[in-house]
Structures are given as structure tokens and as C-alpha cells.
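Sharing a structure here in C-alpha cells format.
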Amino acid sequence: MLTDFGRILVFMVVSVIFVIGAILAAKLVRPSRPSKEKLMTYECGEDTIGSPWVKFNLRFYVVALIFLIFDVEIVLLIPWALVYKEFGLQGFLIGGIFLFLLGLGMAYEWRKGDLEWIRPKPVPPVLKKEPSTVKVEVQA
Amino acid sequence: MTYDFFSKLFGSDLIAALIQSLLPLFIFILPYALFAVWWERKVSAHMQDRLGPMRVGWHGALQTIADILKLFQKEDIVASSIDKPLFNIAPVLMFVGTYAAFAAIPFSSVFIGSNLDLGVFFIVAVSGFSVAAILMAGWASDNKYSLIGAMRSAAQIISYEIPTILVIITIVMVTGTLNLTTLSEMQTGHFWNWMILGGPGSSLSKFLLIPSMILGFGIIYISTLAEVNRTPFDIPEAESELVAGYHTEYSGMKFAMFFLAEYANMLAVSSVVAALFFGGYQSPCGYLGNLIGLKWLIPIEQIFWFTAKGLFFVFVQMWLRWTLPRLRVDQLMNTCWKYLIPLAFVNLIIIGLITLI
Amino acid sequence: MGLLDKQFAKESIVVTSLEDLLNWSRLSSLWQVGFGLACCAIEMMATSASHYDFDRFGVIPRNSPRQADIIIISGTVTLKMATRIKRIYEQMADPKYVISMGSCSNSGGPYWEHGYHVLKGVDRVIPVDVYVPGCPPRPEALLEGLLKLQEKIRNESLVKKTA
Amino acid sequence: MKNIQEIFDILKEKFGDSILELLTTLPVESFITIAPKKINEVCLFMRDNEELKFNSLMCLSGVDDANGKQVKDENGAVKIEGSTLSVYYHLESTEFRHKVTLKSSAPKENPEVESVALIWHHADWHEREAWDLVGIKFLNHPDLRRILMPYDWEAGHPLQKDYKNPEFYHGMKVPY
Amino acid sequence: MIQYFKNIYSAIATIFIGMKITFKHLFVPAVTIQYPDVKPKLPDRERNRLYVNFDDCIGCDQCARACPVECITVDTVKGLPTEDLGKTSQGKKKALWVTSFTIDFAKCCYCQLCVFPCPTECIYMTDIYEFSEYERSNLIYNFSILTPKEAEEKKANYARFEAEKAAEKAAKAAAATPPANASKEQ
Amino acid sequence: MALKTEHMTLNMGPQHPSTHGVLRLEVELEGEIIKSVQPHIGYLHRCFEKHAEAMTYPQVIPYVDRMDYLAAMYNEFGYAVAVEKLLGIQVPERVEYIRVIMGEFQRIASHLVAVGTYGLDIGAFTPFLFCFRDRERIINLFEMTCGARMLYNYIWVGGLSHDLHPDFVRNAKEFVSYFKPKVKELNDLLSYNRIFIDRTANVGILPLETAINYGISGPNLRGSGFEWDIRKDDTYSVYNKFDFDIPVGKGLQGTVGDCWDRYYIRIQEMGESLKIIEQALEQLPEGDVTSAIPKRIKPPVGQVYSRVENPKGELGYFIISNGSPNPFRVKVKGPSFVHLGIMNELCKGHMIADVIAILGSIDIVLGEVDR
């Protein structure tokens, strides 16, 4: 007898086979005519400038971190949610305190501005009145 | 249960499980995906005073088949600068994540891939596969649009998982179970037993629950929209900014897999929402099979209702898509962290208090 | 090496019916690179808009050339743009088709004589399947060009041509 | 509201020799001719002067006057020698609603005109265009590159009257 | 705080308004013209492919001169005085053989400037727009009804006529003036 | 955050869905924040000015059409006004009225495309198709009059190529009554949508003084709150006979001069144009439209700078004549060319998505930018 998760494994295996099978089957039909330009990275028909693999914004990690905290706390909440009714008000309060702390943490993060996606206030263009007198080299 | 039936028929669990897992793919998801793509084009067309596909088959009914067959013959471009293993794994992973979710969705009272006790959570967990897949696709492509799309998508999907889970917890608090079949069974009878109307029973708390449940439904529906990257939350593939987002570099069958997974995902989240709040496969008004005494009719009716509800929510997703503009990434995060999560919290506490009464 | 790269020496029922199926699917789902150049692009947009509705023919714009089958050169191709067009065309996945829409991309159009910066016909950089005349062509004319292209695809064959 | 004569008088008083002449014999529009090396000072004055306040530059155009004599070189190509390139400035004051046209000419061999790009910012692109198409060099321009033609265009400035188009560009045949 | 709930309200309200509109349009009949099956009637001033009613063409080259694109080329050769070139429908006598009258529709910009100067109204724009081609050379239309062979013939005819006339003239001149002078002229 | 992310240079265009043609933006990014935007233009440089020097005055008109191909009628209008000024001729009143009617229809059509594609940029597909559906009706009116759908060659120096079609007035009135409720629908669907407002309000704010110095004109200048319209302030043709308002940006949803204001100006201007059309149709005088067309156009030696209020802004023609039938030099000041110059200033510090919003709100047409 397969366990419940065993069946899910079968599901996954079937889907992997399906996808790989479909892609391989297409290989029987599809043409393959690579060329140098075709294998270049697409960027609207222009040459790419620099690699996209750059250090990315820290903001993403902050979100991931907050998410992690929440996720862990939520995992703790599930067993509580399943059974708290058996303990009546007391049971609810235990979870309630936990939730309150979670909420407090969230409020703190909110206040701290960690929930804000970085969005620096763009300054409307201000007119520079005087023309600069710095000589700029003229390209011929 | 069909599983036991197959198991007896072939005398092997493995074969039964195989059949069990192939069935939804071939009798449900593929036809559905074919239908949904055509339907989306038709719905969008009629919303825009157009006609949509008309030239192949009746009102273009064969359009998606032609599309798939064409994608089948398309060259598979693997650009030279990409990270090949990741690039190839991503579509597989994307589809696996989606498809595994179907394992835990009850299509009817007799057919469920795997009747997990943790059904809902399994689905939420497994949908995390798509985050990994999208990130892989975006990263591997060596394309700036893909990368930005993938980054946005990762942030978006994990953020919106929190309100989803919070709402699911409220359901768990009310019903005391995570098993989707049990959940659906609880909402049997008529539509007033559905969770959106406070669940079964007729106590005072049921009526008190109604507003909270509607709020919870709203939150989970919006978050699931975001999790499957539909407008107004389609910024990972935001066409007008990022060309095609994380699958910009994909062509041919690999792209088709992303496409298929997207539509399958839409159905998956719709059926979860239906199972949580709208009685899953349950009929809103009793069964014809019960009425005329044909017991075998009931599962078929259930499949019908399941499909109908799933498709209805998919339709609403399409409807929203063709109505709304898309949000910007910071607004998207704001919506999640400042609106949905606090509201879900408050909702959780209110429901906790109500259930104590 | 896929089927489409092969050329069969002889005709057979299997080959021809398979070929018919493949041709049918290709011709009824021509996804287009969402790409406009000049005046004709507006008529191209009008063609996908409600009154003419490209979607009826299965044409939907895909912004990434990787997923598109057909590129409609809709407008004047300048020298500065020509290399980009060539690259976008190159980056499309085979099988792919080109419609040259309007006088400018057919032969430089009104700019053929004094246009020091205009490429005189897009067929100098990429192979063109159908030329749609007009300046700009009516949406119907573009649709007719598409039908002509479909006709061309319908007659494509896996069988080696014997002269 | 000031007419062109009054504007000319103000300018003449202020700048003297830099303001060359006022041409009013033309049937439609009159213009003031200004020395090319002084144009930025004049323009700055015109923008900031309380009586003039030309806060808007409507248009800046480079023109090849083609007023020299035609010379045939050994290949039979026609060249125009000894002509001038001019820049026309059309100014307007949105406050006083008066308009004026300025002209500044420089010899074609050494077409140097002072830039006004920092006085009216959109002159930046207009001047780049004038450089690109007509070949007028703007001194002290922040970023004088080609703008419409490809950056690697080598055949000269196409709006000059004796411009010859190249046969090939990046392997593509240019003439029909 | 009030702003917070106002935001939620306005978002939901406007989304519902939008959804109402799109839903309504689901049932509005489509405006689509199903082109290959249904062809709309075009207005009578429609400007598409040019047509030259060659019977009326007198080869005056006005259209070619008016064309900003120079996509019209008209080659003519004078008819012999003995030949009858026919008349236009307005009764005007033709004097020129139009050996070729080509319009390159791959260049034409459909501006209608060639139509107005035509003295016999033989060039006009029609409502035919369906003429896309697989080959660009097929877009060059020759309206002349003379076959190339006939055209050659006419040219040769006229050249011969000219030569004859010149010869006649020369002979006349030779007869009239002393031969020494004639050789100087040549 | 003290840690800096590396800058990334991203090309948007020339083949990009929302650069409205073949514009290339070289965007320098830090994460998703714009450090600078460098527009590269010229991908559609079709050598208009060179062509104009090789053509006679009437032959230039088809090329004029092809500059701002979304407002071809208005380009012709501007060119005709300029050459007539140079020639010093008066055109019959009926011609002027028809020009105004056509021009205003063209303004609506152009704004419809601007508004529709703006919706598309923000992510709403349906309004785009609604706009094109309504534009199609205007195009039908044009087609009925002169036979072409987009590039008309209708307004000639001194007159018009055709008189109005007998059915035109009736159809035009029909359109006016058809279109009024559509504007409201568009507003409900897009303009007042909360998401749309969030995306556009307080984004890309353009202060008035900067706008004037950068030569911004038309709806973009009015969006910054300056009541300036060449139709009224430097009037030409018969615009002084009509009663209409100049909508200015008031900052209804955010700050004056933001993207929403610029967008909403266009919506309001469509209403004003309808007003003008209605009045012009009422007052339309009788007369001959071709009588004033000169047989040979050979202006005297001289020069003229003439400008009109194109749907996109101030369209100026600078024509130098040396007395021959061909213009010596035609320089066009296209509003889009000028407006694009401010992209860098406007975009700094915004996010990628805002670049699209800003670019859409200044409504450029590449044919006019590059000419």
C-alpha cells in the first residue's frame, strides 16, 4: 500500500515524465538551425551592455526574511488552530498572545519602514537657471 | 474510491497510483488547458467587441490545438550564454509544482489523487515550486528582463503566500480540519452550508461568521491571483515593461510548458478557493442522483459542479485581467503587507473570538 | 535533427498527411512579433483592433521574438534599424515567416529616391515571404497578405522538390 | 509686446558690435543677425532681461546657405565652396507674447557657433540635430553627438547641399 | 486611518465599475467585419491601386511629373503621320505611342497627386486593395497595351522615320547649299 | 541600506512593446530604480527635410503626412498655413472651416490613440481596443472625404483636394452624439480606476517653469497648469470664431503636472474638440474649396516660421524660399522631438514601470521625433 505521499510522488514522477517526454517528442519534429545571432541574448535587438548577473537589491532579502519569520510563526499556529477550541478561552488567549506579538512585530516593521518597497521620492526636475561656463569638449 | 477500485482491479498499488495520476492529466488538465486558452481569447474578445478566433473549427474551437501543434514544431533555442541545466529544469519544475497540487484536490467524493490530511497546506507548499522555477528560469536566461521579472515574481509570490495561509488558518479554526475532502464533505447539502455563508449548522456564530468569511474570501482570492501572476498582479511578465518577463528566452515546447502550467495553476487555485469557501465539488442545491435514486450519478454531478465552480473562478480571473491595469511592484508589495496581511490578522482574531461563542 | 529539417525523397501517405497537419497548425497559429516601425504599425494595430481583429486568424502579438512565428515589417526600415531588424528576425525560432507591409518596407517606398538613411526594401536584409502593397495598406489588405501567406504555408512540403 | 525694431534697439544698445544687422526687407519675416561667438551671451540676456523675457525657444534650425560657388572636383562631384552655415533661432516670450528671429552665420570651413543648450534646455537636441544633419559645431555643448543618423555614420552631414550618399553602410547597399 | 479604509473602498468600488462595463460589453454585438467572408463597401473616393485606362492615355507625362515618388514611368515615341493612333473617349486625337507605362506599386504612396493633372482623366484610383504578391517584381504593373515587340517596332518605325526625315533634310540641304558648306556643318 | 547594488544598463527598444515605435531607451538601473534614461532616436529617420528640398511645394504634402502619422491631417494643416503665409494668400472661408473640422477630428483620433496606448502601457488592454474602435469611426469619416485612411493628402496649399462628401455633415453629427457617452465609459473604465490613478498620479511631475524652458508644449504644457494654446494665444485659421475652453492640469489626483494630469488633459480636449466640431458644422459656409489653389506655387524669396497646435503640441514649420518652386529648406519642429528630450529629467529616481508610464503620458510619435 502506497502512503498518501507515495501517491504524490507518483504524481510528480508522471508530470516530470510528461514534460520531458513532450519536449523530447517535439525534438523529433522541430528543426534546429542555430546561428550566432540567434543564440545571442535577446534585448530588443540591441547588443547587451554588461551582464544581468549583477548584485541585486537587498530589498529582496528583507522581504524573504520577513516572509520567513511569518512562515515559521504560521507553522506554529496551525496545530494551535486545529485544537484551540478544546481549551476554550484559555487556549485562544495563548494563541492570541502569540498573534499579538506577531502583530506587534509587524507594526514595528511597518513603523520602521521595512515594509516599504524602496521608492525614493523622485524630485521633480528643477530648472538650473544659469548656464554653466565649464568648457565641454566638442566631439568632431 | 477510485484508488481502491484500480488497486483491486490490477492487484498493484503502483499501477493504481499511476492510473490515478495519469487520469487528471489526460481527462482533466490537458482538455481544460486547451479549453481555457481558447476561452480566455473568446472572453477577452467579446469584452472588447471583437470575435476572437474564428477561422479554425467552430468559432475557432481548434485554435489551441493548432497553437500546441505549432509550438511542437518550433525550434528550441538555447542561447549560448545561458546556464543550461537550470534553463532546462525550470519548465519541468514549473509544471511539476502545478501538477502535484492537483494530487490533493478532490475532484469529487470518489476521486482524489491523494487524500492528504494536510491537503491545503500541501497545495500551498507545493505551489512554492513555481517560485523556484520562475527564479531558475529568470536567472538562467542571462537576460535582464527575465531576471527582473523573476526577482519581482519571487518577492510577490512569497509575500502573497502569507495572507493565503492566514485565511486558510481561519478556515481551519472554524472547521478543525485541513483535509480538503473532509472540508468539502462538511459543506454538503445546500449552498447555505458553504463556508462563505458561515459553514454548516444554524447557530448564531454561523451568521456572525458571514462578514468575516466574505472578507477572508476576498483576501484569499486576491492573493491567489497574485500567486498565479494574473492581472492586476502580472508584473513578473508585465508585457509593456519586461517584454515577456521570466520566459522571454524560452521558445517552443518549453514555453508551452510554462503556458500550460500557468493555466493549470489558475484552475488549481480556483479549485482550492472553491473547496475552501464554496463547497468544493458539492452541488449548491442537492443532487439529482439522490432525487431519482441513482447513486452512481452523484460523482458525475460532483465532477460537473467542481468544474463549473473552478471555471467560474477562472472566468473571474480572466474578467479581471481584461478590465484592470497592472500595479507597480511597490504598490503590489504595499497591497500585500499593508492591506491584506493586517486585514487577515484582524479577521483571524475576530473569527477566533466568534468560534469561542 | 528534427522532422522539419529533413527532406524526404519520396511522397507517401504518411508524410503528406503529417505534413498537412503540421502545415495546418502552423498556418492557423501565426504568432506575431509585437513590433511596429512607422505609419503602417498603426494600421497593423488597427488590424488587431476590434474592427478587423487579427485574433480571428489566430494571430496574437508576442513581445518576445523567441515565441513568435511571423514578423510583420510595418514601416520604413532605416539603415540604423536594419541591423536590429535582422537580429530580431534571426532570434526568432524556426519556422518563421516575414510579411513586408507597405511601400516603405517593400522597396523604400516614397523614400527610395532621396532617402539617404532608408533601406530600399527590407528584402535586402531578411527574406520576405509576402509583399503587401499600400501606403499604408488597408487592414483588409494586410489580412489578404496574411491569407496569401497561409496559402504559401499550406503548400509547403517535406518532400524534396524535384525540378 | 515689443516689435522687432524695439528689440533690435535694446540689443544694439547692450551688445553693440555683436549685433550685426536687422533685415526687414523680406516679405514675411524679419530677423536680426548676430555674431556666432556672441550668440550665447545675447540669448542669455534676452531670456533674463525684464523687458524681453524670451523664456521659450520655439525652434532652432541649422541651414546650409549654399551661397558659395560651385566647384567640380576631379571625380565630377559638385562641391560648394566658400558658403556659410547658419543657425536660426525663433524666440518667444510666453509672458509678453512677442516673438523674434535671430540668425547667426559661420563659414562652412569652420562652422563654430556658441551653444545655447544651457539657456534653453531643449536646444540641446536641436543643436545635436543641426550638428548631425548640417554640420554646425556648437561650442560648449554638453554632449555633441550625432542624434538621428547612426553614431558611426562617416559620410558627412546629409543636409548640406553638396552631400554625397555612400554606396554601402555596414554591408547594406544604400542607393536604390 | 480613515484614508486607509477610503483607499480600500475606492479600489473596490472602481474595480467593480470597471468590471460592470466589461461585463456589459460581453453582450454587445461585436463590431468585427469578418473580412474574407464579408467585404465592406468602400466609399467611392477610395484611394487604392491606380488604374490607367489606356485607351484614353495620350502619353503626356503629366502624371509622372506630378508624382512625388517618381514611381510612374512613361515612355513614348511619336507616331508616324501616316499612322492612325486612335482617339480618346473625349475625341482628342492621340499623337504618341506609349511604349511603356509602368507604375511601381512597391513605391507608390497612394497620394492621388497624379490623378488631378491628367487631361483625359485616364488615370484614377480604384478600390482594389487586394494585390499582395510573393515576388516584388510582380508589383510593377505595365499598363501599356503594346506588347514589347510592338513597342520595339514602333520605336524602330519612328527611328526609321526620323532617319528618313533627317536624310531627306540632309539631302535637301545638300541640294540647296554647296557641298563644302555642308561638310563643314557636319 | 548602506549596501549598494550594482548598476545595470538595460535597453528598452527599439523593438519593445511600449516605446511606441522604434525608440530606444538606455536605462541605467540600480535594482529597479532609474539612475538615468538615455533616449536614442533616429531609428525612423526618413530624411524628410532632404525630401522637402527635392520636391515642389505641393509634392511635399504626402511627406508631411508621414511625419506625425497619427495626426496627418494636422501636419498638412500646419504646412498649408505656413506656405500660405509665405505666399500671402487668403483661402475661402469654407476651406478654413473644413480644415478646422478635419483638424479637430484628427485631434480626437490622435488623442484616442494616445489614451488607448497609455492604457496598454499601464496594463489595461480593453480601453486600448475601445479607443481604436472609436477611432475607426473617425477614420471612416476621413476615408469618405478623401479616400485614404491614415495619410490623407487632403489639405492643400490654398484649398482642399475634395469638397466634403454630401453625407459628411450628417455622419459627423452622428459621430459626435455617438462619441460623447463613450468618453464617459472610458473615464469609468480607466481614468478613475484606482489602480490607474495609483500608477499615474504623482509620477513624473513636470513643474511649469522647467516645462517652458524645455520647450514643452501642447497637452503636456497644459498638464503642468499653464493655459497656453496656440489655437487661442496665437490664433490661426478660424479658431477665433469658436467658443471652447483650454483644459489645464489641476492636480485632481495628485500634484499638478503629473502623468495623470497630462493624460486627463487629453480626455478633456476630446470633449473640447467635439464642441468645436459641433459649432463648425453648424456654421459651415458654402463655397468652392479649390478656387484659391494657385496654379504654380513659387513663393518670393523669404522665410517663415509658422506654428499650429498639433494634437501633440506646437508643430512649427520653418520654411526658407529662394524663389524657386522647391523649398530651399524646410525645418520641422516636431513637438514629440522636443518632449522626448525631457525624459531623462522626468524619469530620474522612478522605477522601471514608471518610465513606461511617463513615456506614455508625454505621447510621442516616432515619425515626428525622427522625421
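The first chain written gets the first letter, and so on, giving A, B, C, D, E and F; residue counts start at 1 in each chain.
Methods note: a contact is a pair of C-beta atoms (placed from the backbone, for glycine too) under 8 Å apart; a residue touches a chain by one contact, two chains touch by 3 or more.
What you are looking at is a predicted structure, and each value in this text was computed from that prediction instead of being measured.
The set of chains in contact with chain E as well as chain F comprises B, C. Looking at the partners of chain C and chain F together, the chains they share are A, B, D, E.
Simply put, of A-B and A-C, more C-beta pairs touch at A-B. Taking the CA centroid of chain A as reference, the farthest chain centroid is that of E. With centres set at the average Cα position, the gap from chain B to chain F is 45 Å.
Our note on geometry: chain B versus chain E, Cα centroid distance of 59 Å, whole angstroms.
In terms of their C-alpha centroids, the spacing between chain B and chain D amounts to 63 Å.
Chain C and chain E have CA centres that are 26 Å apart. In chain D, the residues that reach two or more other chains under the touch definition are 148-150, 158.
Along chain A, residues 26-27, 29-33, 38, 40, 42-46, 48, 52, 56-57, 59, 118-119 each make contact with two or more other chains. Annotation for chain C: residues 2-4, 22, 49-51, 53, 56, 63-66, 80, 84, 88, 91, 94-95, 107-108, 110, 112-113, 116-117, 135, 138 touch two or more other chains. Interface of chain B with chain A (complex): residues 3, 13-14, 17-18, 20-22, 25, 71-82, 91-92, 95-96, 99-100, 102-104, 113-117, 121-122, 139, 141-147, 151, 154-155, 158-159, 161-162, 165-166, 169, 172-173, 176-178, 243, 248-249, 252-254, 256-257, 329-330, 333-334, 337-338, 341-342, 345, 348-349, 352-353, 355-356. Taken together, the chain F residues at the contact with chain C in this complex read 14-17, 21-22, 42-47, 50-51, 54, 62-63, 66, 69-70, 113, 128-130, 132-133, 135-136, 139, 149-151, 366-367, 370. Interface residues of chain E, counted against chain B in their complex, comprise 7-8, 15, 18-19, 21-23, 25-26, 28-32, 34.
Those residues of chain C that touch chain B in the complex are listed here as 2-4, 21-22, 24-26, 28-29, 49-50, 53, 55-58, 60, 62-64, 66-67, 69, 91, 93-95. Those residues of chain F that touch chain B in the shared complex are 8, 10, 16-18, 32, 119-126, 129-130, 133, 189-190, 193, 195-196, 198-199, 351-356.
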